[in-house]
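Below are two complexes that have subunit A in common, paired first with subunit B and then with subunit C.
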Partner chain A sequence: MPILELNSVSKRYGALTVTDDVSFSLEEGATLGIIGPNRGGKSTLFNLIGGTDRVNEGAVLFQGRDVTRTGAADRCHAGIARSFQIPHPFVGMTVFENLLVADAFGTTERHAREDRCRNILDQTGLLPKANRPAGSLTLLERKRLELARALATDPKLLLLDEIAGGLTEGECKSLVETIKSIRDRGVSIIWIEHIVHALTAVVERLIVIDYGKVIADGAPADVMALPVVKEIYLGIDLDEQAA
Partner chain B sequence: MAQLDLLSTSRGPDVTRLALIGVGLIVFVALAAAPFWAGRADLRLLMEALSFLALAQMWNLLAGYTGLISVGQQAYVGLGGYLFFALAMFAGIPVLWAIPLAAIAAGIIAIPTGWIAFRLQGAYFAIGTWVIAEVFRLIAAQFPALGGGSGISLPVALARSIAETRGGREMVMYYIAFVLAAGAVLAVWLLLRSRWGLALTAIRDSEPAAASLGVNIRRVKFFVYVGTAMGTALTGAFIFLQKLRITPEAAFSVTEWSTFVIFIVVIGGLGTIEGPIIGVILFFLLRDLAADLGTWYLIGLGALAIAVMLIDRRGIWGAFRARGLPTLFVTQRTLK
Partner chain C sequence: MEWINVLVQGVLLGGLYALFAAGLSLMFGVMRFINIAHGDFIVVAAYLMLVMVLTLGLHPVIGIGLVVILMGCAGYLGQRFLLNRVLDEDILPPVLVTFGLSIIIQNSLLETFSADSQRVPSGDFATASLRVSDELAVGVLPLAMFLAAVGVIGVLQFIFYRTALGRLLRATSDDPEIVPLMGANNSHIFALATALASGVVAIAGTMLAMKTNFDPTIGPSRLLFAFEAVIIGGMGNIWGTLAGGIILGVAQAIGAQIDAGYQILAGHLAFLAVLIVRPKGLFAKAKG
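Right, the complex of A and B next:
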């Protein structure tokens, strides 16, 4: 049974169709990358899967269960976690407290588990900042906090929205290692990223979204070789980038 | 402000915090002993200020944390007052029991009322709460037994039942006001330190993120709506016990119970426990200074609120906080 299934999902904002009849499914434990031009509707897809926004048409199934009308909190409890492209830290709390929210409300455990939070902060490199106000973090640290909070909900499916942008080569490598280790624990991952070589280092499948439509879906090397994709990613050669 | 910065960096925030706690304790003790040092007029003023502090803490919890901007909390001040009069006068319930019972009854009424108000979003919610309060006012005027549109006075015998002497009554009344205000501050503080506090602060800072991390926003908001309705009604019941007379206009006054309360919270600092305290002090100081100015006082108050929002939306306490002043009511959880 697939962990996630999208059946002919559409989303409109007024006259603008942002998600246009999108269908795909993801197997349990699989990793999927999403690329595509700016404003193509990638983040909107995460809003529809995560439940912060509702579809106009179509259905979203999680582990075979129809969650189309389910709220974001309940989808989180079901096992979906996401990072926001534009970070949404709880600025009035410390970094540690940000994780406590995820730990106390995102999991079935009703008591905060400090050690778990500590491990996740350590894994995401935020431990030295644990007791600092989240409002004092830099943009890159805020992105790491997005990842840390998502992990603290104990997800089965992790949605990552452009968390590698702005990283140095070394930082990007260590992020890739972190995401690989999450994958190796059996967590299914969908990752939206413009930095294609980081993406292809982790995912086994790639989807291209343009004007709200899926225009390509397949193994990363095959997808990147398609003429339509080459056109969009003009000048970006996958092999060259990876080298 | 620059001076304050120096203060906190050169001597360390711990010293400033200790000084703050010291001031807080002195004020607390002085208030607790007020009947023994304050004159009759001062005591009345303090009682009123303490009532407003309780109302401000409730409105701040509602608006400052859940973002539910209500301009209709007078619905619950009035409801608390009227239910108190009804319970004490017609159900024969002892006066001091009728106050909490009125609050509980108001909480029960807040459940269907909230259910209706929650159909509305943002500005519509604000307008909706005001409309609901107006409806409550009109309904309150429909009961001839409660004086209809012209209101009713509490029978002397009932007032006497609190204490035989006037001095004794004032003492009891003052301590009710004191417990209400201190209780409101303490309740909000304990709530913010609990698991619920995490959810409330998360909702205040980002609703989409809070929801995505498993916080059931509607449930939290509804709980806070009903809880603050009860706290507001509790205070309302006391306010009209103290006034000994209730009319629909006074009970459901939007100026008194919404406008003034909102000024207090906004000027002092929305979304903080200390903000409403600072706001109440400032509000009553200003009112005292501007007693003869009438309408100009209201205009000045409005101008001050706008100025605060333009200069620093976080209000006076928020501005001091941003410049390094430590909090008095610590809610932070530390990873050791």
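Right, the complex of A and C next:
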């Protein structure tokens, strides 16, 4: 059974169609990269999957269950977690407290929860900063905190929104290693990213979205070789190339 | 010696003002919600206390406990089913709705209890005092109220910084849109915040009921004192709110000492002075 299924999902803001009849499914434990031009509707797709926005048409199925009408909190309990393109840490709290917020109403015993959060901080390289206020973190640390906080909700499906954007080459590499280790533990991942080589180091499948539509779907190498992708991505005009 | 007495009375009065302010500050801090009916909620708690003690004949301590539970439940339900509907980016709808609530509450109280001034008798407690020296005596009731205020603020501080609920409330204060993605339901958190604030309002109201005469119309001026205490102390700093209440109380006591008519004016002047010198309050928390 696929972990996530989108059936003809559409989202409109007034006359503007941001997501246009998008359908795809993701198998349990699979990884998927999403690329496409800015304002093409990639982040909106995450809003629709994560439940911060509702679809106008179509259905969202998580592990076979229809979650189209449920809110973000319910989908979090179901196992969907998300990191934002622009990090939104709770700036007034420490890094450790940021993680503890996740699942605060859960039934897990306190010490077990604290141990788990400590492990996640260790895994994401934030343990030395555990007691620092989240507002004092650097960009890389904030991006790692986004990731750590999403992991603290114990997700089955992780949505990463341009988590490598704005990082240096070295920072990007170490983040990719962290994401790989999460993938290897069996967490399904959908990753929106402009830095294609970071993406292709992790994902086994690539989708291209432009003007809210899926215009390509397949293995990364095949998708990147498509003329339509080259046109969008590299700015190569096909007519010009032919001339 | 007379002036020391004035200072002590002012500090003790300030405890009550801090109690008025704590609930207001909590709701604003967690959800940026300005409750114009806050003063009237305090008066409602005072009338509930009146019913508990005079009509039902309960002991004041049991009365306080029941009023706290009642107000807490009412706060949760009111937030969940009424106020959450108007809670949005726009700050105006909550102001309008609570302004309407304020009028409804005042008139309902007037209809039920008449305009007569009331007071809840607290027996010997009300007149008992501790002699500190020949010229200085501290009333047991005002002292108990001050200690209650310190206790309430200490408990709030503990909840906010030492418990899972407090962590959620602080996270919500930071970024309410992210909290649901951590699996928490915002309308439930907001309702819990209001329940907590209403519990504090209940304690403030029952104290008011035992300390002074009250009638259905005194809510708005309690709201004003609460606002002043919060702003003097600085937004988002709960111990600052206690300090703000004390400064307001001392200013009023000094004013009253000069001339009975100056009591309220002196409080407002102190507030104005703080606004001019430190518009963000004396102990404003630095935002990261």
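Heads up, the rule we're going with is that the second predicted complex is superposed on the first by the 225 of 243 C-alpha atoms of A that agree within 3 Å, B and C clash if a C-alpha of one lies under 4 Å from a C-alpha of the other, contacts with A are read in each partner's own complex, and residues count from 1 in each chain.
Here is the rule we use: a contact is a pair of C-beta atoms (placed from the backbone, for glycine too) under 8 Å apart; a residue touches a chain by one contact, two chains touch by 3 or more.
Model, not experiment: these values are computed from the prediction.
Asker: Kindly say whether there is room for both subunit B and subunit C on subunit A in the superposition, answering fit or clash.
Answerer: clash
Asker: Please work out whether A:114 is in contact with subunit B alone, subunit C alone, both, or neither, and reply first, second, both or neither.
Answerer: It touches subunit B, and subunit C stays clear.
Asker: Can A:153 be said to touch subunit B (first), subunit C (second), both, or neither?
Answerer: Both: A:153 reaches subunit B and subunit C.
Asker: Of the partners subunit B and subunit C, which touch A:94 in the superposed model: first, second, both, neither?
Answerer: In the superposition, A:94 contacts subunit B only.
Asker: Kindly classify A:220 by the partners it touches after superposition: subunit B alone (first), subunit C alone (second), both, or neither?
Answerer: neither
Asker: Let me test your reading of the model: by the given contact rule, A:136 touches which partner, first (subunit B), second (subunit C), both or neither?
Answerer: second
Asker: Figure out whether A:73 sits in contact with subunit B (first) or subunit C (second), or with both, or with neither.
Answerer: A:73: touches subunit B and subunit C.
Asker: Going by the contact rule set out at the top, does A:41 touch subunit B (first), subunit C (second), both, or neither?
Answerer: neither
Asker: Looking at A:33, would you say it contacts subunit B, subunit C, both, or neither? Reply first, second, both or neither.
Answerer: neither
Asker: Residue overlap on subunit A between the subunit B contact set and the subunit C contact set?
Answerer: Correct list for subunit A: 50-52, 71-73, 76-77, 81-82, 84, 88, 90-93, 97, 100-102, 104-106, 149, 152-153.
Asker: So in the complex, which bits of subunit A are touching subunit C?
Answerer: The touching residues are 50-52, 71-73, 76-77, 81-82, 84, 88, 90-93, 97-98, 100-106, 133-136, 149, 152-153.
Asker: For subunit C, which residues are in contact with subunit A within the complex?
Answerer: So the residues of subunit C in touch with subunit A come to 164-165, 167-168, 170-171, 173-175, 177-186, 287-288.
Asker: Which residues, counting only subunit A, touch subunit B once they are in their complex?
Answerer: Residues 50-52, 71-74, 76-77, 81-82, 84, 88-94, 96-97, 100-102, 104-107, 110, 112, 114, 117-118, 121, 130-131, 149, 152-153 of subunit A touch subunit B in their complex.
Asker: Using the touch definition from the top, list the residues of subunit B that touch subunit A in their complex.
Answerer: 195, 198-199, 201-202, 204-206, 208-218, 271, 332-336
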